[in-house]
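Next up: the structures, one after another.
One chain, chain A, links the two complexes that follow: it is found with chain B in the first and with chain C in the second.
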Partner chain A sequence: MLKIKDLRVSYGKLKVLKGVNLEIKEGECLGVIGESGTGKTTLALSIMRLVDEDSSASLEGEIFFQEKNLMEMDEEMIRKIRWNSISIVFQNKEDALNPVHTILDQVKEPIMENGGESKKEATEKAIHLLSQVGLASRCIKAYPHQLSEGEKQRSLLAMALANDPEVLILDEPVSSLDTTSKADMITKIKRLSRGYSVLVVTHDISTVAKLTDRVAVLYGGRIVELASTPLLLSNPRHPYTRGLLRSYPNMTTTKDLQGMKGRMQPVEKGCPFYPRCTQVVDVCKRKNPELQKIGERFLACHRGGILPFLKVKNLTKYFDSFRAVDSVCLTLYEGETLGLVGESGAGKTTLAKSIMGLFHSEGEIYLEGEKVGERDKKFYKTVQMIFQNPRESLSHRLNVLEAVREPLDIYKIGSFRQRSQKVEQTLTEVELPSDEEFLDRYPHHLSGGEIQRVVIARALVLDPKLLIADEPTSFLDASIQAKIVRLLLNLQEKRGLGLLFITHDIALARKVSDRLVVMLKGKIVEEGPTPQILSSPSHPYTRNLLRVAPTLT
Partner chain B sequence: MHIKYWEELKKDTFGKIGLVLFLFFIVIVLIAPFITRDPQVQTALVFEAPSLEHLLGTNDVGQDIWSRLVWGARTSLLVAIGVGMLSTFLGALIGASAALIGGWYEEIAMRIIDAFLVIPTVILLILVAAFIRPSIWLLIVLISFLRWQGGARIIRSQTLSLKESVHISAAKSFGASRFYILFRHIIPDLAPILVVSFIYSARMAVFMEAGLAFIGITDPSVVSWGKMMHHALNFYYLDIWKWWLLPAGMALSALILVFAFLGYSLEKIMDPRLRKSNA
Partner chain C sequence: MNLKRKITNYGIAFLIILSLNFLLPRLMPGTPLTAIYGEEVLVQMTPEFKASLIKRFALDEPLYKQFIFYIFSLFRGDLGYSYYQSGSVFQIILAHLPWTFLLVGFSLILSTIGGIILGIESGWRRGKITDKAILTGMMTLSGFPSFFMGIMLLLFFAVNLGLFPLQGARTPYADIYGIWLVLDVVKHFILPLAALVLVEVSGCYLLTRNTMIMTLRKSFILTAKAKGLPDKKVRYRHAGRNSLLPVVTRTGIKLGTAVTGALFIEIIFSYPGVGNLIYSSLLMRDYPVLQGTLLMVAIFVLAANFFVDLIYKKLDPRVQNAY
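Right after this comes the complex of A and B.
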């Protein structure tokens, strides 16, 4: 129905869209999501050929509507298509409504102008439309300033639908509405837009989830991921999509309000997302990745989306004849938290120590796609572990400086001064003081929370990409636990730190994990995205875990 | 738990007494050539009573007893330190390596330790010494080789628990090599145990050396408190025991006490439960 090919739009020197390819099929609802400033509205206005009104704007590329290139049409032809075949609900309601005309007049006008209907027919049609979008009859003859936000939004929708267009563009259709009006509006849109080809442009992920069939993720003027809505939302593959979903508070996921590092900034060369990405390699800075078909989705990423960072295959560990860990397979993606839940004795710690090479075990381990044999310094530089009892994991002979510096000493990184600086920097990162007095303290002078932070600092001083945290908060009280967990999640956001979060507390795992693995008697009995496991656990043991999980009632 | 051994030792009464006396012995022994005459020189002046010339008088062959007392301290301390170091080294070598290497090696090492534990070492030592009349250096080696097993057992068990301790696992998880772990973690962590083992061996060695000398089966040319007492007892009917037998016996007791005090004090420091108050 509508095909956009290599659309490039810039305002003066500012490049807003840098080659967007999109296709809206007939009767389909396509969503475009992204942060503010990614060029969503520009995309919507370009299709309407409304960008041209800005004199500094320049458009390149092709937009085919029913096989005709909109870009080659003159203003006269465009005007025939605009509002008749392609209509839009503007984001900015104040500008879109004329303050000196009543709502009815404003909806009636395009019907009369383009459809050639009589005044009476047009009035009837307009009233019918307005009641269909759920506008109360008292509002029909009101002026825009007499209406609430929601009512204005409904009026605009009615205006857009007035001439029965083929393509309907909705720019942030519900963003400014309260939740109940939003829900009502979404059902109305869904009902009224049936049969139309719809483009929904929004930052509101829930709207996209409810309205669209497919979603495109727009970042820095480029589409970075495109897939069917359920697939994209349940299993995002582009780091940006994941970051966007993680930031969004909702009732489905439990680990929300976690975003991405940095802010959007224009990129001259390379992948638009690379300054904020945590798995950047050289090529990301040099070349822009093309949108490629990978499986059932389109993805623009040099690294093929979020990397499977650590892969464990059939890991088995015997203690004499007792099988403590029994053919465990798991995958941990870059920058995600994998919660490993199970009762004590389930083999969680044994699994962690086996991965770390502290126990000899059978099975295969892959790190960034490469098979790991004997754990060497390269492995330990990428994968670090926080042990279950942090106090014991510090030598009583070493003060804070010496303890945190130890990994640097082992790797002989930098000069003595540089090492000390790195230690101070890392301590600051874990929110600990880094003055002389603190650096000189011994473990028995530190509180439980401080000890845990020192241990975290020590594990982070080598800048690992994966942290195995074995019950990192089990012996802390709730308020310190909250701080430590938030610290870990902040570090994850900042460094793209992958976390294997081992805990017996499913309530805690629920708040920190992207995915959950439930372990029982050395075996993995359940695995999946956290919300899915929480809402529909399949194994009886998981159900029991959820039943006995802490509640306040 | 981090302990500042030196600070704690200075705070403890026994530790203080032990340290002061130990330093006293060391100083005496070091300045011996300046405050004594040749202890072996025999003169015609026999059985002299104490005077300014001879602080503790002379013995049956006219040797200066004061000089022999001071030079005897040299022998005792040399044996003490020598045996302390050698037997602790042997114990650490065998005990720690058994714990670290494990397997068959550990089995064999432990059986050897067991065998040495059931050997009546004192009797064996007397027998061997009686045969070969050991010189002072040979004596050090002999005592050390017969008395390392107790230390080895303690060091092995300590090393075993250290090996499993989390901070060693943590060091491994930073990619530390075996050598790094041995020299930066295990040996420093064993240090207090090694010091105690050294002190116990030293105390035992002082006692052993004096005992063997007393029954007259060590190198006769070596000046020793044991030998002094042995000779002095032959003249118990003379007044001379007051400045011949008594000073030697007291010096011996004092040196053994030094090591006992230091050992006791260190033990208390390392096990805080033995302290009276944790102020």
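Right after this comes the complex of A and C.
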């Protein structure tokens, strides 16, 4: 129905859209999500050739509507396309409706202008449309300032439907509304837009989830991911999409809200997301990735989306004849928390230690796609572990400075001065003091929370990309536990730290994990995105775990 | 509610103006008669005439009675008596008013309509060559004082080309009627009208253009364009209509001062309007006429304001709730 090819729009020197390709199929509802400033509205206006109105704007590319190129049309032809074939529901902000004309007049206007109906017919049609969107009859002849936000938005919807267009564009159709009116509006849109080809442009992910069949993610003027809505929302593969979903408060996901590092900034060269991405390699800064089909979705990422960072295949560990871990397979993605839940004796710690190479085991382990044999220094530089009992995992003969510096000494990183600086920096990062007095302390001088932080600092001092945290908070009070968990999540946001979070506490796992793995008697019995496992657990053991999980009632 | 309250407000304002007009000559040093007619006049008066004047203004009564008396005479249309022109002030003003109305009325209508249309067209094409040309022209025009413009037109069209009469509102002592009289009047008032319109139009134009540019940035303009409306409808029905408010305010204010607005032009063209009357009264120190004109002007200002308030509601529905 509508095909956009390599659309580029810039205002003066500011490039807003940098080559967007999109297709809206007949009868389909396509969503475009992205933060403000990514060029969503520009995209919507470009389709109607309304950006031309800004004299500094320049448009390149092709937009085909029913095989006709809109970009080659003159003003008069475009005017006939507008509202008759493609219409738009503007966001109700400032004065989207003219303050000096009544609602009825404004809805009637395009019908009379383009539809060729008589005044009486136009009035009847307008009234019919307005009652269809649920506008009370007292509002029909009112002026915009006499209506509520919801009523204005509904009038805008009625207006867009006035000339029975083929394509309907909705620009932030519910963003100005409160939750109740929003739900109501979404139902109305859903009912009335049936049969139209619809483009929904919004930053509101829940609107996209409720309305659209497919969704495209726009960042820095480029589409970075495009897939069917349920797939994209349950399993985002572009780091930006994941970040967007993580920062969106909703009733489905349970993990604490997380942002993305840095802020949106214009990028001259390379992938638009690279300044904020945590898995950047050289090529990301040099070349912009093309949108490519990968499986069921389209993705623009040099690294093929979020990397599977650690892959464990058929890992099995025997203690004599006892099978502690039984052909376990799991994947941990870059910057993700994988919660490993199970009761004591399920084999969680054995699995962790096997991955670390502390136990000999059978099976294969891949790190960043490469098979891991002997665990060498390179491996430990990337993967670090926090052990279950922090007090025992620190040597009582080393003070804080020595304990945290030890990995740097082993790896011979930097000069003595640089090492001390790095230690101080890492201690600050885990919110510990870094003064002489504290550096001199020995483990038995420290409280439980402090000692856990020192252990975390020691694990982080090598800047690993993956942290295996074995019950990192089971010895701590709830208030300290909250802080430590927050700390780990912040590091994840900042550096893209991957976490294998081992715990017996599903209530805690729920708040920190993107995905959950449930382990029972050395086997993985259930695996999936956290909200899915929590809302519809399939294994009886998981159901039991959820039943006995702590509640306040 | 609003209309009632509004009328009360205007009534109060009117009363205050009346009181000031009544009090001012009586607050001046000397007797009220000196203040009203001036020293020299009184010297020449006969005692009988003086007594009749005192009686006429009830100057021998206490102040409140004088005031009541004053109000009553006002309602009878008695604004006083001009010693110089030996006639009732009311009659004198009434004789000059129609000429001013004719001149100022037409110039206001023409300059406002012209200013609005030019402003809308120019604002719509902001930055284009048409806009720049109109803008430059208007800026130049707005630099001319009205008397200068009048003199230029007079010199060129009346003196050099001899196309129009030099002065007055009609040919004196000409014995013409009907259509010929109308033509004669039109011929006389074209030059002063042109001078006024040329001077006034730029103000209205600049204001309209400015508001137009602001209005064009509003989102409903985008909505109108998206609706596929032809440019003309976007320009006038949506942008123009919303740019009218400040122009109406301005025209309203102009309307109030219209009676005196054409002063310079009337003097240059010796046009027998209120402006000319004020000028000659000032020269003669004909205070009763001046005072009467002042009252007249005040009433016009009030009426114009009232009128603008009413129009506002029609133009912008939001104003109804904006009290």
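Keep this in mind: the second predicted complex is superposed on the first by the 550 of 553 C-alpha atoms of A that agree within 3 Å, B and C clash if a C-alpha of one lies under 4 Å from a C-alpha of the other, contacts with A are read in each partner's own complex, and residues count from 1 in each chain.
Operating definition for what follows: contacts are C-beta pairs under 8 Å (C-beta built on N, C-alpha and C of every residue); 3 or more make two chains touch, one makes a residue touch a chain.
Source: prediction; values computed, not measured.
**Q** Record, for the superposition on chain A, whether partners chain B and chain C clash or fit.
**A** With chain A aligned, chain B clears chain C, so fit.
**Q** Take the Cα centre of chain A as the vertex and report the angle out to the centres of chain B and chain C, nearest 10 degrees.
**A** Spelled out: centre of chain A as vertex, angle of 130 degrees.
**Q** Could you look at A:393 and tell me whether it touches chain B, chain C, both or neither (first, second, both, neither)?
**A** Touch status of A:393: first partner only.
**Q** Determine, under the contact definition given at the top, whether A:94 touches first (chain B), second (chain C), both, or neither.
**A** The second partner, chain C, only.
**Q** Does the superposition put A:501 against chain B (first), chain C (second), both, or neither?
**A** Neither partner.
**Q** Touch check for A:196: first (chain B), second (chain C), both, or neither?
**A** In the superposition, A:196 touches no partner, neither chain B nor chain C.
**Q** After superposition on the shared chain, which partner residues are touched by A:113: those of chain B (first), chain C (second), both, or neither?
**A** Touch status of A:113: second partner only.
**Q** Should A:65 be classified as contacting the first partner (chain B), the second (chain C), both, or neither?
**A** neither
**Q** Looking at A:443, would you say it contacts chain B, chain C, both, or neither? Reply first, second, both or neither.
**A** The answer is first: A:443 touches chain B but not chain C.
**Q** Look at the superposition and give the distance in whole angstrom between the closest pair of CA atoms, one from chain B and one from chain C.
**A** 61 Å.
**Q** Which residues form the common part of the chain A surface touched by chain B and by chain C?
**A** none
**Q** Please give the residue numbers of chain C that touch chain A in the complex, ascending.
**A** Listed in rising order, the residues are 127, 218-220, 222-230, 233, 237-238, 241-242, 315-318, 321.
**Q** For a test of understanding, state which residues of chain A touch chain C in their complex under the given definition.
**A** 45, 48, 50, 53, 55, 79-84, 87-88, 90, 93-101, 109-110, 113-114, 143, 145, 156, 159, 163
**Q** Could you list, by residue number, the parts of chain B that touch chain A in their complex?
**A** 1-3, 165-167, 169-177, 180, 185, 188-189
**Q** For chain A, which residues are in contact with chain B within the complex?
**A** For chain A paired with chain B, touching residues are 353, 356-358, 375-377, 379-381, 384-385, 387-389, 392-397, 406-407, 410-411, 442-444, 458, 462.
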